[in-house]
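Okay, handing you the structure first.
Labels run A, B, C and D following the written order; every chain starts at residue 1.
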Amino acid sequence: MKVIVDLCVVPLGVGVSVSSYIARCQKILEDAGLTINLHAYGTNIEGDFDQVFAAIKRCHEDIHAAGAPRISTTIRLGTRIDREQSMQDKIRSVEEKRSAT
Amino acid sequence: MKVIVDLCVVPLGVGVSVSSYIARCQKILEDAGLTINLHAYGTNIEGDFDQVFAAIKRCHEDIHAAGAPRISTTIRLGTRIDREQSMQDKIRSVEEKRSAT
Amino acid sequence: MKVIVDLCVVPLGVGVSVSSYIARCQKILEDAGLTINLHAYGTNIEGDFDQVFAAIKRCHEDIHAAGAPRISTTIRLGTRIDREQSMQDKIRSVEEKRSAT
Amino acid sequence: MKVIVDLCVVPLGVGVSVSSYIARCQKILEDAGLTINLHAYGTNIEGDFDQVFAAIKRCHEDIHAAGAPRISTTIRLGTRIDREQSMQDKIRSVEEKRSAT
């Protein structure tokens, strides 16, 4: 099952600066061969359900191993069976509607 | 890896009433042997990472099979390695702090 | 505008135990006269848009004043104009579908 | 209070294609003078708490007026008092950690 996911990982118990943990996550997601796009409050991910969630699990394991005792993550998960749609398609679709107004 | 999850599944393209789809999800989660608790804007789930996300995948497959062409789900995912904590522990912890004030 | 909200406040930079901050939030929401219901991964809130978000703002201000330098909150926000629906209605609707299967 | 928000608005009861509603939201947020950045599963917003949530309220009102009977929105809301941080700073911070590994 193809999914588009938006992932935001928040490590707790490691102070206020969490960007080094997010950078570790980026590497794990890329090493998993997933298409990703970092934004200011999360990361868009495109891929197969099982591969995406196996990578998210590795992110949690890695961040715990790197010293964070607790993690609170939020995930948006989109699936559709009516047609193929990439992350770029979603953005393009909104932008086309914008320019048409 | 033990997780506490909060799941909110939103089927699109099936009108405004989505409770029958949520009810299907509840059954899938219970049949998977997971501890769950329904609230007004989602479902708390406690279990093993792989079992929980396998069940969430089945929810998406089932809701698509039941006629929803598109689904937009949100998930909160908590893990911790410092100590064991159940869903009941989390609620009790806040309530104890409340009554102490 | 009437809203049903699910709120999950995560203070950063104060260690792994955050329940005392959540308890402060509960008090602020109740003092605002809002109908709330705590669950294991957030709090359901029912009320007027402006009142609910004014209270959420006070939660952030209070938690910062109590020592948390950073907060990462997630909010689910539901509105509908087709009919009145309370938090209890939402739960009952799913449970009726469940028992009908 | 300065906030960084990630907003994902999901109209229900209007079929599977929701991009025209998202485009309306973009316009409202821009007209409010907010700094925004569209991604594949939401929109980053930077601004003052009251201005951001007044604009989100207008998005809901507008989407209802445009025909959607129900809306289910998710919001990530970040505040910090330890230092100033823009959306660009957040992305740059992760990218610097990435290139340092």
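In the analysis below, contacts are C-beta pairs under 8 Å (C-beta built on N, C-alpha and C of every residue); 3 or more make two chains touch, one makes a residue touch a chain.
Given the structure is predicted, the values throughout are model-derived calculations rather than measurements.
Undergrad: Averaging each chain's C-alpha atoms to get its centre, pick out the one most distant from chain C.
TA: The chain lying farthest from chain C is A.
Undergrad: Same or different: do the copies chain A and chain D touch each other through matching residue numbers, with over half of them shared?
TA: Mostly the same residues.
Undergrad: Distance between chain A and chain D based on Cα centroids, please, to the nearest Å.
TA: Taking the average C-alpha coordinate of chain A and of chain D, the gap between them is 17 Å.
Undergrad: Return the distance between the CA-based centres of chain C and chain D, expressed in whole Å.
TA: Distance between chain centres: 19 Å.
Undergrad: Suppose each chain is reduced to the average of its Cα coordinates; what separation in Å results between chain A and chain C?
TA: From the centre of chain A to the centre of chain C is 25 Å.
Undergrad: Which residues does chain D have that touch at least 2 chains other than itself?
TA: Within chain D, the residues that touch at least two other chains are 8, 13, 16, 69-70, 72, 74, 76, 78, 80, 82.
Undergrad: Can you tell me which positions in chain B touch chain A when the two form their complex?
TA: 1, 13, 49-50, 53, 56-57, 60-61, 64, 69-82
Undergrad: Which residues of chain D touch chain B once you look at their complex with the stated criterion?
TA: Result: residues 8, 10, 12-13, 15-16, 18, 69-70, 72, 74 of chain D touch chain B.
Undergrad: Chain B touches which residues of chain C in the complex?
TA: 4-6, 8, 16-17, 19-20, 22-24, 26-27, 37-42, 44, 46, 74, 76, 78, 80, 82, 87-88, 90-91, 93-98, 100-101
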